[in-house]
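As structure tokens, here come the structures.
In what comes next, chain A is part of two complexes: it sits with chain B in the first one and with chain C in the second one.
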Partner chain A sequence: MRSLSRGLSLAASGRLVCVSRRSSVTASTALAATYASANAVPCSSLSSSMAASAHRASAAFFHTSRVHRAPSDVSDDLAKDLHDIICHDRLVVFLTGTPSQPRCRFTAQLVDLLDQLGVKYSFFNIMDDEEVCEGLKAYSDWPTYPQVYVDGELLGGFDICKTMMLDGTLTTMLKDKQLI
Partner chain B sequence: MPSIQSTIVSRIQEAFQPAELEVTEVSAEDAKYNVRIVSAAFAGVPLIQRHRMVNDLFGEELRSGTIHALGISAKPPPS
Partner chain C sequence: MFRVAPRLLAAYTAADIQAKLESSAALKPVQSIRVVDVSAGCGSFFNIDIVSPVFQGKSLIQQHRLVNSVLKEEISAIHGFTLNTKSK
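Presenting the complex of A and B:
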């Protein structure tokens, strides 16, 4: 399998750290990624992540007739990149746009909420990278942006953050994790 | 061809038999909708999983952009 080299570079700006990838994927390598996807094998961390997810779903007595999307929907290389971005900081948000130039209402509202909390976070502008934009939806089984990750785990989108803010669980969680 | 809004209503009703259901078209132009669901199906279910349950009903629409944004409030009835 062709090796897709994707380095991550950082641009620090005050409390915000922008995570980006050094080189964009060309059409041919994107095609290679597409083919690689068919042969991808879930790595152990993905497997344990899926097992944990299945356990949670089972504990919730949630049954579905739909087949849950498998991690192999994204290639190994892309999955590694996504994992690296998600784990780059304790709090990572994937935005449509940037905090200073949000491109949709939910991203703007999320940024306002995070500012209100005074929490430090890193962000990734998904409009800069189509492969990350589409890949992360499959990787996390979450179809929309913004997305919020805490210590490598998906917290959810703006709706969930807003709900947790209103009922106090967001502040409690962030304090427990010593993030605020 | 049923409207997106009526599709959302019928699919949620079939999946969750909600005690309460409110579907709002926030913006027809931007394909943004809000759903407020009260259903026993969400009892004991973590918040993120509730959202996944709802999102999964509209996976194709969300992928294709027929639905661009779906605001979700999903709660079990007060016990």
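Presenting the complex of A and C:
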């Protein structure tokens, strides 16, 4: 179980390159503007540099991801960060709080469920980063937390994990993927 | 002048959510829907159970996304909800 966060921790991990990002105020403003707008705001208009935006756009074109993504909903920078966090480990959970200090009952129950299964996982405390919290809802088309990702793919929230646990498909899937 | 707290005016009732789900074209034909307000009537937390053949053949996450899209406005206003979907 390892804690994930952007910035220093990601850079220190050695496997991920910490992407330099715009100031949080600017990014938040851009994100808020996107959601406030009646029409979808093109991603390129959110970028401060047209050249950098074109590069990221071309990079995104060749990038394949199993996670549902609507480019108009999140900026390229944020999408890159979200993808990096989601793929940081084979099993990644986004929690409200931390496993030792959960901030809602679903997070607490999910942590208990994962501990019961004995799986290794990484977690991200979405209360540490409002931008990730709101951006991931749009990025994955899932409006609530906690969220569980397996091998970069959204598994669902606590309700889905609980249902799969009760009918046995969760343990079957994890064994097939050799996670337990 | 008596002022009602703005938040209360925005609260949803179980009946509101039930009506929304029952009238949604995406979920027709609906066999049964049960919406229970478990926040002691505050309109902030609901348990939702839906039985509809439209869920047949869909994965759990697809089923939940279908319902999430119908209740998009409500989900952003309430504190939380639990959802159970069945195809029969």
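Here, the second predicted complex is superposed on the first by the 112 of 180 C-alpha atoms of A that agree within 3 Å, B and C clash if a C-alpha of one lies under 4 Å from a C-alpha of the other, contacts with A are read in each partner's own complex, and residues count from 1 in each chain.
Keep in mind that, in the parts below, a residue touches a chain if its C-beta (ideal position, glycine included) is under 8 Å from a C-beta of that chain, and two chains touch if they have at least 3 such contacts.
It should be emphasised that the depicted structure is a prediction, and the values quoted were computed from it without experimental measurement.
Judged by the touch definition given at the top, the superposed model places A:G118 against neither chain B nor chain C. By the touch criterion defined above, A:G168 lies against neither chain B nor chain C after alignment on the C-alpha atoms of chain A. The partner of chain A that touches more of its residues, comparing chain B with chain C, is B.
With both structures placed on the common chain, the touch criterion links A:F106 to chain B and to chain C. For the contact definition in use here, the residues of chain A common to its chain B contact set and its chain C contact set are 104, 106, 141-144, 154-157, 159-160, 163-164.
By the touch rule above, chain C contacts chain A in their complex via residues 60-61, 64-65, 68, 72, 75-76, 80-84. Residue ranges of chain A in contact with chain C, taken from their complex: 104, 106, 141-144, 154-157, 159-160, 163-164. Taken together, the chain B residues at the contact with chain A in this complex read 44-49, 51-53, 55-56, 58-59, 62-63, 69-73.
Remark: chain A residues 56-57, 60-62, 64, 66, 104, 106, 137, 141-144, 154-157, 159-160, 163-164 touch chain B in the complex.
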